[in-house]
Every structure is written in C-alpha cells, then in structure tokens.
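You will see chain A twice below: alongside chain B first, and alongside chain C after that.
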Partner chain A sequence: MLRIANLVSCIGRVEILKGVSLHVQEKEIVTLIGGNGAGKSTLLNTIAGLIPARAGRIEFMDREISRLSPPRIVRQGIALVPEGRQIFSSMSVADNLLLGSYSTYSRSMKPEIEARLESVMELFPILRRRSKQLAGALSGGEQQMLAIARALMSDPKLILLDEPSMGLAPRIVEEIFQTIEELRRRSMTVLLIEQNARMALDLADRGYVVETGQIVMEGDCEDLKRNREIERAYLGKAYQEIWE
Partner chain B sequence: MGISIWSQILQYLVTGVSIGSIYGMVAIGFNIIYNATGIINFAQGEFVMLGGMIMVTLTAAFGAPVIVAFFLTVAIVALIGGLFERLAIYPLKNAGVLSLIIVTIGGSIVLKGVAMFVWGKESYALPHFSSEEPIPILGASILPQTLWILGAMLLTVVLLTLFFRFTLIGRAMRACSSNRTAAYLVGIDARQMVCLSFILSAAIGAVAGIIITPIALVDYNRGFLLALKGFSAAVLGGLGNSAGAVIAGFLIGILESLGAGLVSSGYKDAIALIVLLVILFVRPSGILGDKEALKHRSF
Partner chain C sequence: MPIIDSKHESLSRSEIRQMQLERLQAILNRIVRNVAHYQQSFKSAEILPTDIRSLFDIQKLPLIDRRTLLDNIPYDMFAVPLREVVRLHPSRAGLRDPVVIGHTKNDILVWTQLKARGFSAANITQNDMVQVYLDYALFPGAVVAHYGAEQLGACVTPLYSMPIPQQIEIMRNYRTTVLICTPTRALHIVRYMREREIDPKQLFLRAVVFVGESWALRTQRQVEDFLFVDVFGNYGVSEICIPGVAYECEAHNGLHLSEDHFIAEIINPDTGEVLPPGRRGELVLTTLTREAFPLIRFRTGDVTAIHEEECSCGRTFLRMEPVARRADDMLVVEGVEFLPSEIGMVIANMEHVTSNYRLIIQREGTRDRLEVEVEITPDIFIDQLGPLEALRERIEEDIFDLLRIKPIIKLVEPQSLEGKEHVVDLRENDH
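After this line comes the complex of A and B, so read on.
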C-alpha cells in the first residue's frame, strides 16, 4: 500500500533521513522504533508532505506522492496525527472534528460525514460529552484522542501516528493503545512511531528499527522482541539479564 | 443662546460613535489579515480610500444607482485586495513577517500613487444615502447617514461572526490562525485562506469607505490617517479580537470627538496616537487581548 524507496530528507541543511526504504501493506500495523533524533518524526512528516523529500520515492496505492503538498496527500487517503497533537485549541471539539473532514467535504457528502462523525464518537465517547468545549481545555489524553479522531474524520486508508503516548499517564496510554487495536478491527492500516518500544512491538505486526536516519533492522514484531540488540537498546534489559 | 453643555457632549458622542464605527471596521480589516497571516496590512487604509473613490466614480460619472454602485464597488475593491495578495504577498514564499509588513507598506504607497494618478488631488463628496435632515434627539442632532454608518458596521460584524462561526470556510480560516501546520494536515490550503483574508478585509474596507464618504469627503491621501486610527483601535482592542476592535473603535472615536470639541480640534489626530502609545506602554495585549497569546508572538 505504502512503498518508500531510498528516501532522503533534510531539515535545514542537515540530512536527517539518509536513504530509508520500507513498506506497509494493507490492514497492517507497522511500527518504527528508535531513539530520539533517529529521524522517525521526520519520516512521517515527509510522507505527509510537511517536509519535502530530497531524493527517493514515496508510492501510495501505486501512485508517486513525494511531490504533493499536504492537502493533496490527505486527499489521497493518508492522515497524519502529528507529534504533540496539534489540535485547534481555540476552537470547539466539534469544530475540530468537522475540520478533520475538510478534505472530503462537499454538500453531497454531508450524510456520509455525519455517519463518520458518529462512528468516531463511538470510538471516543468522551469527545461526544466534550463536543461543545474548547479543544484547548481538554486534558492531554483527551487532546490525543481528539487528534486521532480528527485524522479519522478524513476517512483515511492509512493513518500515521507520531508518538501518541507522549506525555500521557500510563492508564491513558493503555487506553490509546486499545483504540489503535480497535482501528485494526476496523481494518485500518497504521504506521506507528512510539518511544515505548515494548508496547509498540506488542501491538504491531511488523517493525523497523531506525538509527541515525537509516533502517538498521526490520522484521516481525515477535522476532524483533527476541532480538538481543533490541532488548538491550530499546526494551531496557541489562546485558546481564540477557546473558543469564 | 446657550446650548446646554450636556447636549453638546451628547452631540460629540454621536459624532464620535459614527467615526468610531469606521475605525472599528478598519480595525476588523487589520484583524482578519493578522489572524490569517500574523502580518499587519498597512494597505488597509487604501482599501477604504478606494471604496470611497470608486463609489464616487460609479455614481457621479456613470450614474449608477446607489445600491448597484455599492455592491459593485465592494466587489471591485475585494478583487483589488485579492490581486494585491497574489501579486505582492503570495510570491514571497518564505518571507518573514517583518518583510511582508514592509511589502504592505510598499503596496499602500503604490495604491495611493495610482489613486492620485487616476483621481487627482482634489476631494470628492458623495450624496447622503437618505435625507440630510438631522434628527433631533435630546438637544443633539443625528444625521441619518450616521444611522447608516452604525447599521452597516453592525451588519458587517454580525455577518462576519456568522461567517466565522458557522461556515466551513470561516472555520477553516480560524483553523489556519489557530494552528497552521494542523490546518495544512487536514487539507486546508493556508495560502488560499490568506488570499481570502485579503479579499474579505478589502471588502470591509470598501464598505467603510463608501459609508463614510458622504460625511467626510475622500481624497487619494485619505487612507493613511484612517489606517493609523484603525490600527490604534485594533491594538487597543487586542490584535486579532474583533469584538475588542469595535469597542476600541468607539472609544477612540468618542475620545477624539470629545477632545476636539472640549479641548482643541488641533489635537484631534493626536488623540488616537496618544491612546496607542499609552496602550503599548501599559497593556500591550489591549483591552480584550489575550496576554498569554502575546507572549508567543514572534515580533
């Protein structure tokens, strides 16, 4: 569904991605793990079009999209839930959700958007209760749910999640991950970045390990979890435990 | 025969409210563009001037009926606003806020120059929309045109509020000022919204110019002072806050008119500037402005 080949992208003059290749198949949950500054967010932002690709290809549903602007990429069916949520904090929750459907909005689409809103509210009942409140007044976890819900309102085929657990209490993180699980049941395709590598590997089907702008390892999550290097670097096990 | 001081003050208040409505509308024009782009459009006053000028030309030279000329003028000035954005702002892809502000100053000089070239340096008047017979109230008298001005201002505010609250495009414009990256991600083309904000601001400026011309005359240089006072109102009300802009417009209009009447008309134009300075010293976020938001502003 998504196929990336030799992607190079820069922030300013610094080359962040140094030739990344990966793919995501339909209905798959794929996770990218790696430390801070490895280039994970840059990768998602480049797919979404926020950062221009310097070289390489990004193909989505057999169409080259690396030259498209973010609004046109949303219309192709890719929605990014950006790092730090980036909700419209001075607007109501309901307005945030409505704007999520902006890329697909037209008069004739109204009933379908209503239905979409209904199904999103089912996924996040809290948003229904908060719908008239200002988005900025929500708690961190609720804002994260709103950010995901807003992305879903564009009826995406592929959803990109950038650190959905960032800064949230463990109980809330649990909830967010259950939501992603629910997305799988709704046969959504997900590309997930996560600091919490263990949770990400438990949830996803396949994973890639990113280090300094390159993919250094890839495979089924089960295999990755058993990999010693990954256990040491990302799952927090000491050498001693591993060798014993 | 002594007119009582109270009816005199009432008269100044009436004058102040009518000119204050205009300042408020100019301030709203500043706010719309400010909210969409973070820049102050110093050509805002020129939109007001063009509104007056084009209206005069359409009614006097072409004999168009007032109502037709009104909408035609607003449409033409809105178009000029949109073109201004496409030609002067749009091509500067990654320019900073300060450079864009300087571009609008240049734009204002160009528009003023063209206006002088087309209409010369003389002043033009427009007949009042309805009777010129003042309506007496409590010893003061109100020109019917004043009511037109107030009505047009209120109608503009109501329509704008409805637009920003209830239409998708209006919400999209608010989304752009709330979080530009996120707006981009949900599929809103921020650059089109910027163009739209110039069109809207120009249209509002044109309305202000049309309704003020019957009582204040218009010449090519009229925009400058109006922009200055409208800007003072925008800052006093809190940049980006349209309710604040209306209140502040009234305040400055009334202060100006009282100052001119009770102190000396020589100081009339200084009053808005004094208000601007005091506000910038004492409460830079304005009366209704958000102090928190001010901290995050980059200039």
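After this line comes the complex of A and C, so read on.
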C-alpha cells in the first residue's frame, strides 16, 4: 500500500533521514521504534507532505506522492495524527471533527460526512458526550482520541500515528491502544510511532528500528521482541534481567 | 498442495524486491557499525551503506569468500556479542581451522522455519513418519532438519548411527513415509536393496529429501525409479545454513530460493562479473536476516544458474538449478568437504616425501574412492619394504584423522608427479 525507497529528508540543512526504505501492506499495523532524534517523526511528516522529501520515492497505492501538497496527500487517503495532538483547543469538539473532513468537503458530500461523524462518535462515545465542549477542556486522553477521530474524518486508508501515548497516564495509554486495536478490526492500515516500544511491538504486525536516520532492522514484531539488542535498547531490560 | 508460508512465498515480484532492498539496507547499516571487517572493506572500496539505493547496487559491494572467513576466525565476523549467540557450528566438522558459525535465538528459529518451509514443499505433514538418516554430530543441518519436520507436526525418527540393514528394517516396521538423507546415503540404500533383492514395495516410502550434498540428476532419477518415490532436493551452504537456502517443490522445476532471507547472484568465477538470469556461474549469497553471522556477497563456490520464469506451484521465489559442481577447488568426497591443499599440508609434514602429490577420486558403485599418490625422495628409495610401508601407513592415518575417510595411498617414484595436476576427479562424467 505504502512503499518508500531511499527517502532523504532534511530539517534546515541537517539531513535527518539518510535513505530510508520501508513499506506498509494493506490492513497491516507497522511500528517504528527508535530513540529520540532518530528521525521517526520526520519520516511521518515527510510522508504527510509537511516536510519536502529531498530525494527518494514515496508510493501510495502505486502512485508517487512525494511531490504532492499535504491537502492532496490527505485526499489520496493518508491522515496524520501529529505528535502532541495539535487539536484546535478554542473550537468545539464537533467543529474539530468537521475540520478533519475539510480537504474532502463539498456540499454533495454532506450526508456522507455526517455518516462518518456518526461512525467516529460510535468509536469514541466520549466525544459524543462532549461534542459541544471546547476541545481545550478535554483531558489529555480525550484530546488524543479527538486527534485520532479527527484524522478518521478524512476517511483515510492509511493512518499515521505519531506518539499517541505521549504524556498520558498508563491507564489512558491502555485505552488508546485499545482504540488502535479497534482500528485494526475496522481493517484500517496504521503506521505507528511509539515510545512505549513494548506495547507497540505487542500490538503491531511488523516493525522497523530506526537509528540516526537509518533503518537498522526490520522484521515481524515477534522476532524483534526476541532480539537482545532491542530488548536492551528499547524494552528496558538490563543484561542481568536478560540473564535471569 | 498448500503453501505453508504464503505470506512470503507468494509475494509479488515487486514486493519481494522492496522487502529485499529494505532488509539489505538494514543489515548493511547494522554490520558497518558492528563488524570491523565490513567497516574496513567498505572503506577501502569507498562505499557507504547509503550508496546502496537499489538491489542492482549490491554489485558495488566487495565479494567475500571462505578465505575471508578463515582470516577472521573465530569470532571477528560476528555482528553480535557472544552472549547473544545460542549455538555455534563449525562449518566443516572435523577439519583443521574450521570457520565457526554463530546463531542467535532468532537465527535458529528462522533457520528452522526455512527448513519447515522446504519440507512442506515436499508435502511433509502431520500424517508423515519421517526418518532422518543424517549425522547429528558432524552435520549441523541434521538437528535443524529434525526440528523443521517436527514443526510441521510430522513424527520424526533420528537414526544416524544405524547401519543400512537396520535403517531399511525400521523403514519397513515404522512405516516410514519420508526419508531425509544425503544423496550418497540414498544411493547406498538403493544399492543395498538391489543387491539383496529387497522389494521396495515392502516399504511405505513416498518421498526422499536430499540434503547436505550436491547431486547429479541421474542420482535423483535412480532413487526415484527404484524406490517409487518423489525426490525433493534441498540446498544450503554450511557457512550460512545447510540446508535452508533453497528447496524443491512438487513441480520439480529447480529449487526455490528463499528470497525473503537471501539475495542470490550468479557471477563469472574468474572475473567476478554478475551474469544475467539463465546463465551458469558461481552462486553468490547475501544473508538478509542473519543476526549473528551476516554474510554479504559470499562466494559459495557452487556452480548453478537462476531462472526467473514463473513456477506452476504458485511460489514466486526464483529457482536455481541443482548444484552439480563447484567453482573452487573444494572437493566433496563421501559427503566430506575439503581443499586439496589440506592434504598437501599433511604431506608437507612428512619426512622422505616431496611436496608433490596427486588426488584421484573415482566412483566405485555408489561410493567415492579417494586415492592419494605421494612422491618419495631418493633417500628412502631403497629396496627395503619396511620403512616404505610405515610411511604409507602414517600418511594414511594422518589423512584419515583429518577427513575421516580412508584413502588409498600410493607411493610413487621421485619426480614422477612433477608438473601434473593435483586433482583428478573421474566422477565428473557422472553429473
């Protein structure tokens, strides 16, 4: 579905991604793990068109998209849930959701968008209860759900999730992950960045390990979890624990 | 018959290429950080992992061979610390300075899965009684073949040290349906049964899986015709995994390369130039997923050709021809791999002989016979038989210690081997 080859991307004059290749198949959940500054968010932002690709190819549904503008990429069926939620806190929850369908909005689409809104509210009942409230009044977990819901409003085929658990209490993180599970049941394709590598590897089908802008490992999550290097670097196991 | 790992075995060609590129780039990024040899060799070739932007670019990377591995024994080619290694195998058991191959937990699991994949192409299922006639001590692939068959739910009987009559007896009594063995052993069984006039219809065999050695098509036909079975070939390399690299499906149309774990190239052994599909040359393998002992562009020494045409079985992996001969000097006699120079070393350590020697290998029935001609120096060339006989026995013992094959030693007059070839392999016409 998504196929990236030799992607190079820069922030300012610093080369962040140094030739990254990866792919995501339909109905797959793929996770990227790696330390801070490895280039994970840059990768998602480059796919979404927010950062221009300096070199390389991004193909989505067999179509080259690396030169398209962000709104056109959204119309192709890719939605980004950005790091730190980035909701419009002074607008109501319902308006935030409607904005999610902005790029596809037209008068004739209205019934369909209302149906989408309905299905999103079904997925997140809490948002229905709070739909008239200001988004800024929501708790952190609710804001994250709103951010995911807003992305779903563009009816994406692929959803890019950037650190959905950031700054949330463990119990809320559980909830967010259950939501991602639910996306899987709805046959959604997900590319997920997550600091909580253990949960991400438990949830996803496949994973890539990113270090300093390069991919150093790829594999089924089951295999990655068994890799000692990953255990040590990302799953927080010390040598002793591995020995025991 | 169903494809067990259809998620990988029937990917489209473009999906396979994407996966190979990703895995190649990842392993290059990894080894440049962890393996000093690659760090240096890439540096002297003035190449960075980021220069590899397509599978075609792999040709820019330097080739390695068994010599490279020997220069780095025991652990210098390992890409992980030893504490992460769970199994060590010498690449050629019994020989001096064997290369040590390490496997992490994941490596072993992948290898076992590859084996299971290969066996399921031979339609081994839980309904099968599998007899493994491989040397569990000397042949690293035996254990993996064993667990690979078990993973498919088959009932596995490990029976190495049993002599042939008992093997056949057990085949009959246990109702063995699949025999896993080297081609040489399969021929031994065929010959034994033919000599003793044992009716193959008494057996319940339906398939024989060849592992561990190359074989001639004639051997395959002989076993098929006599035992009324399907023969499935499996291919591997002892420095990577043997078997486990390629496997034959029911179409009997060559061996499918597990391209999700390996990249295969065919080169001209003399120039190193990469040859197009269909051309015969030396097989070069790159491991894509090995954690402990990754090899980049490893010259296997095996001569084969790769074919791109689709296979009727539905698998999309490319197919290689069964290996019929080797591009380097490596000899395989009775399943034992060795270099002629290793015998030369034994002879060089002797007194009263020159450094000239000649190996003559021929097939006697189904067995290989190794004859070693050694040139003696004039100082022992006397009429006494005693010292000559003692010398002959010493050479024979030392070679037996090295190879575990009993050679026939012939002492010849001084200078009679001057300028002659070191190896005369009379078996080649068989292939």
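The rule is short, and it goes like this: the second predicted complex is superposed on the first by the 242 of 244 C-alpha atoms of A that agree within 3 Å, B and C clash if a C-alpha of one lies under 4 Å from a C-alpha of the other, contacts with A are read in each partner's own complex, and residues count from 1 in each chain.
The rule is short, and it goes like this: contacts are C-beta pairs under 8 Å (C-beta built on N, C-alpha and C of every residue); 3 or more make two chains touch, one makes a residue touch a chain.
Everything numeric here is computed off the predicted structure, so don't read it as measured data.
Chemist: According to the stated criteria, A:100 is in contact with first (chain B), second (chain C), both, or neither; which is it?
Modeler: So A:100 only meets chain B here.
Chemist: Once the shared chain is lined up, is A:75 touching chain B (first), chain C (second), both, or neither of them?
Modeler: So A:75 only meets chain B here.
Chemist: Counting only touches as set out at the top, which of chain B and chain C does A:223 meet: first, second, both, neither?
Modeler: So A:223 only meets chain C here.
Chemist: Return first, second, both or neither, reflecting whether A:207 touches chain B, chain C, both chains, or no partner chain.
Modeler: In the superposition, A:207 contacts neither chain B nor chain C.
Chemist: Thinking of the overlay built on chain A, is A:215 touched by chain B (first), by chain C (second), by both, or by neither?
Modeler: In the superposed model, A:215 contacts chain C only, not chain B.
Chemist: Contact-wise, after the overlay, does A:23 reach chain B, chain C, both or neither (first, second, both, neither)?
Modeler: second
Chemist: Is A:154 touching the first partner chain B, the second partner chain C, both, or neither of them?
Modeler: Only chain B is touched by A:154; chain C is not.
Chemist: Once the shared chain is lined up, is A:89 touching chain B (first), chain C (second), both, or neither of them?
Modeler: After superposition on chain A, A:89 lies in contact with chain B alone.
Chemist: For chain A, which residues are in contact with chain B within the complex?
Modeler: Contacts found on chain A: 48, 50, 69-71, 74-75, 79-80, 82, 86-91, 95, 98-100, 102-103, 105, 150, 153-154.
Chemist: Of all residues in chain B, which touch chain A in the complex?
Modeler: That would be residues 168, 171-172, 174-175, 178-179, 181-189 of chain B.
Chemist: Would you pull the chain C residues touching chain A in the complex into a rising list?
Modeler: Listed in rising order, the residues are 15, 18-19, 21-23, 25-26, 29-30, 33, 49-50, 53-54, 80, 83-84, 104-106, 109-110, 289, 291.
Chemist: Which residues of chain A touch chain C once you look at their complex with the stated criterion?
Modeler: 3, 5-6, 18-19, 21-23, 25, 208-209, 211, 214-219, 223, 226-229, 239
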